[in-house]
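Here is the structure we will look at.
The first chain written gets the first letter, and so on, giving A, B, C and D; residue counts start at 1 in each chain.
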Amino acid sequence: GRYGDFGGRFVPETLMSPLAEIEQAHKEAMQDPSFLEEYSFLLKEYSGRPTTVTYAGNITTKLGGAKVYLKREDLNHTGAHKINNAIGQVLLAKRMGKTKVIAETGAGQHGVATATVAAKFGMECKVFMGEEDVRRQELNVFRMQLLGAEVIPVTSGNKTLKDATNEAMRYWVQHCEDHFYIIGSVVGPHPYPYIVREFQRVIGDEAKDQFYHIEGTLPTKVVACVGGGSNAIGMFAAFINEDVELVGVEAAGKGVETDMHAATITKGTKGVLHGSLTYLLQDEYGQITEPYSISAGLDYPGIGPEHAHLANTGRVKYESVTDQEALDALEFLAREEGILAAIESAHALSAAFEHAKKMNIEESILICLSGRGDKDVHTLMSHYKEVGKA
Amino acid sequence: MTALFNQPINNQLFIPFITAGDPNSEATIDLALALQEAGASAIELGIPYSDPVADGPVIQKASSRSLKNGMNIVKAIKLVPEMRKKGLNIPIILFTYYNPVLQLDQESFFALLRENTIDGLLIPDIPFEESEELREKCKEYSIAFISLVAPTSSSRIKMIAEAAEGFIYCVSSLGVTGVRKNFDDSIASFLEEVRKHSKVPVAVGFGVSSREQVEQLAHMCDGVVVGSALVREIERLQPSLLDENSRRDAVEEFKNFARTFVS
Amino acid sequence: GRYGDFGGRFVPETLMSPLAEIEQAHKEAMQDPSFLEEYSFLLKEYSGRPTTVTYAGNITTKLGGAKVYLKREDLNHTGAHKINNAIGQVLLAKRMGKTKVIAETGAGQHGVATATVAAKFGMECKVFMGEEDVRRQELNVFRMQLLGAEVIPVTSGNKTLKDATNEAMRYWVQHCEDHFYIIGSVVGPHPYPYIVREFQRVIGDEAKDQFYHIEGTLPTKVVACVGGGSNAIGMFAAFINEDVELVGVEAAGKGVETDMHAATITKGTKGVLHGSLTYLLQDEYGQITEPYSISAGLDYPGIGPEHAHLANTGRVKYESVTDQEALDALEFLAREEGILAAIESAHALSAAFEHAKKMNIEESILICLSGRGDKDVHTLMSHYKEVGKA
Amino acid sequence: MTALFNQPINNQLFIPFITAGDPNSEATIDLALALQEAGASAIELGIPYSDPVADGPVIQKASSRSLKNGMNIVKAIKLVPEMRKKGLNIPIILFTYYNPVLQLDQESFFALLRENTIDGLLIPDIPFEESEELREKCKEYSIAFISLVAPTSSSRIKMIAEAAEGFIYCVSSLGVTGVRKNFDDSIASFLEEVRKHSKVPVAVGFGVSSREQVEQLAHMCDGVVVGSALVREIERLQPSLLDENSRRDAVEEFKNFARTFVS
């Protein structure tokens, strides 16, 4: 359960046996052809995979550098990569005989994905969501409710993703005997970071094949945004042993020089949160500080332990992008390519566009477009109102 | 083996929990002394934490009150000598999440514990498998490393109980700390299993909130840990505890409340 | 340009030559392999086609009748089948050397699709939308604006789709020399109903193959909703010469016995609107009456002329479904299958579920799920508030 | 061939458009008579329609005012004999979208036109190719079927112009009806092409709104159709036109305005 120094299983004793059972069940499942077949079938027939790889020709021309390609996770059922993992975990829950699932959510994408698979598998579903995120993502809240899930607003702390995760863990500690906790990112105690990566690696596996089919080679660079980091790990998994430069992009919020950001690797220090040892935003006494990002999906003070390790070894380069840079990239993509990205994904776009400019046309850059931006329209509207653009 | 209780145990252990700095440092010292007077066998001194996932809402709120007052792990540890100066002689167990500990250099942390006469260490989010190094250090510094076992521990009970030091903390039911009305019937067999393997006293915590429950548990274990029930009383008494003029009366009231848990 | 008695080209003289040019350009394009290749390429690499066919197992079990399958047009880029046609028409516009496009929109799906392809092809874009629909579909309005399109609120009439279409036609009459009008449904003067059908038949062509691959046979019945009727025609096209029962579903609003509905075939009479002869909701003096549906996409007093013909010949059976029935079906699908349908598509669901109940498990029913419901969340929220369910 | 103008044309034709029932039936009759007095060669009497796609905002508004008053195609046709009774003797051309016509039985419709002394029929959304049957019927009933040609008609001009009856209506520029500041320069060659093929007078419409424009067009065509400019004046005079006491003055004012278009 370790990635170098990082990871582990730092949880109350109550959860140790449930986690061991999940680890065992997952191990068996991944060796069971009927499990893998059902997982693949659902990805294909239910979520519409494979998602396509789109060449962003207009942007390539405008930037005048590397060819820009987008892995279109926004075309998944429910609008983001989160469904890949939710499908995997609900199948695991079913295999373990559980009939109730819980989840935490920030932007609501994982909450919607979980509510969706819970509906599909007839399971009771509770989604914990910070009260501030409930406000920012009201569309997704209603979607979850319509799917039959109970959305539980969390009022502690900053009322965002970290607090929702705390509350989900607390609830799980009390109800682990009959509840399965569907964690939405490559965070949490072992085996979650591993399970989530394995259920998200389909992104990279597909993209690698598709890209090779188009270009006859591998991309020069691969870029993905990192909150907890599940889309990035899923994307990177296929390229980690290849000669491909990997870039993870964190949320710099109002700037990493301010105290309003979520740039965990760039500015964080080692610590334990939500069950694993990783980089965290915290004060000298180990109190977790409140992160900030315009993107509810990146507004998290920790990061997946495998990312911490990949940052440490230097295999993946981590950068950060401010709110404004992300929004500019989002608008640029919409205007040039007719694609409305999630604000999360727009962080990857922004960094990737900067890279692309400095590269040449023989090179190429593959970006994980992790989700669509429909859910962010309210946030965008109020942002534009604020800056007087709408 | 690091002993926490020097004398053989004649009656039930009463191990109360309070959060350091709630509602302020002065009150914490007075409350600790009151608990000793009420018959506490030891005190769990909680370090406030931003993300207390093992705690219910009562202790979460105490944590954030205390953090707002500027409390931190170092300040909290340094309260103990002040308690000792005022006559506290029962063991003090530091209850802290792992992350604050991790931020300190390990040697300095243990030196700090020893210097400040801390007797035990309880970290609710360090399971047995992740605790080996800390347990070694505790031995080196003669500090009891308190282990928790839960009803879900099942096959892990033996492993944990056999390695337990000071006392073994049994989670009464699934869950986080907090006040509960009733205990699960299955607790008896769970505690029996723990006692079979434990060489140290067996205490039950998480949800013990009334005299009746203490009596109900008495024949099954060596003692109880009471947290949320006391912290809620502190919350209620907060205005009086913060006022120099009324603190003495409030502490007295708290003492009387705490006494109800002692057999 | 006729389907039996229906269709034709009833437009001001000014538009006659532009329409003839479009007809000619389309004819040539459809015989040009490079055009067809680019169209297919965009459907695949940009919009993510083929869209999957999903077996609705839970619903099948609950209804206890025919096996229910869903053609998942909701998984298209921009969230509905409208993009198929918008891609086709923008390619046609490009081929004709036009650099400006206009469109009308009701629910905003066609407007978003048009704004999207306009962005992708660097064209100026104006979208006409009834003021009432601007209010009902504010999410889509902002999406269009973000994509760089100008949304023009139309204040005449009932301020919905019919009025938006009037205004788009007026604008086109004045600007037909350099503007291409991307009509969103199988309505309008010839050759539009034909062009749109040809660009939407991919729905049925794919679905037929996919269904055959799954079941080894053809579905017993195929069901689709009908506003103008483009998703339905696209779906039906592949089955029209097969032994498959076809059902089109109109919006009955608050009931066909009231005056608040949009059940054009069920309740309409012959007339000319927006350039073609078809069934219309009108008074005895030929004044078009205001239709009503909770669904902005079905809130139209006319219907594609080919549908009028298919109703006349009896080849397709047309039914109608009320607001409430559609919402119930939407909720049922969300809870049982984890899929949030557009209110438009929910009309097809409702009728299909009723059919399915009366069929047996050896039979099957294929429903065109024409779009996703994210855009309708506000409408749903206020509806549930009204009926005291939220 | 169905002639609309019995005398050879000496001066420019002035063909005004008004909407039947705007602001009410009585006013429409008075306004028609005023137009004759102002020198109109014929009148286009517009049938209000719910979806007038060939009209700009001014006539759209007139249409909805009139519809609100309960006007319909049958009532509008029946206004003509009342105008005749009061002395109207110039041709009346019924301007209507196709759909209201379609809802009437064809024979009754034409009988209605004849009975009510309608001289011409203009349907803006019936192009040449869709109009054969109607043109036949018009001939049978001696009603001039007015055709439109547009600058975009290009190769269609010959076909349309050769079949034209009454007069041929040339759309001055691309577009719907409405007031325009200037005409496209290309209009001259367009009108020349139309005249080459037309055996009937060539009138220009859509956007003629001032005396200057009329003069500008005079040497290129046989007349003008003026719609929006007049309808806007009616809109302005609406309150006075609706008031029995002030109607006469308002009609007089309207007549003076209309006269400015007559050469």
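Quick note on the criterion: contacts are C-beta pairs under 8 Å (C-beta built on N, C-alpha and C of every residue); 3 or more make two chains touch, one makes a residue touch a chain.
Each chain and its UniProt protein: A, C = Tryptophan synthase beta chain; B, D = Tryptophan synthase alpha chain.
Since we're looking at a predicted model, the values are computed, not measured.
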How many Å are there between the centre of subunit A and the centre of subunit D, using C-alpha atoms for each centre? 66
Can you check how far apart subunit C and subunit D are, centre to centre, with Cα atoms defining each centre and the answer in Å? 37
For subunit B paired with subunit D, centre-to-centre distance based on mean C-alpha positions, whole Å: 96
Interface hub residues of subunit B, defined as touching at least two other chains: none
Can you tell me which residues of subunit C touch two or more of the remaining chains? none
If each chain is a dot and touching chains are joined, what shape do you get: line, ring, star, complete or other? line
Which pairs of chains touch, using the document's own definition: A-B, A-C, C-D
Along subunit C, where are the residues that touch subunit A in the complex? 44-46, 48, 51-55, 58, 72, 74-77, 79, 115-120, 122, 139, 142-143, 145-148, 331, 334-340, 374-375, 377, 380-381, 390
Please output the residues of subunit C touching subunit D within their complex, sorted ascending. 8-18, 156-157, 162, 166, 169-170, 173-177, 269-275, 277, 280, 282, 284-289
Under the touch definition given earlier, write down the residues of subunit D that touch subunit C in their complex. 49-56, 60, 64, 67, 72-74, 97-103, 124-130, 147-156, 160, 171, 174-176
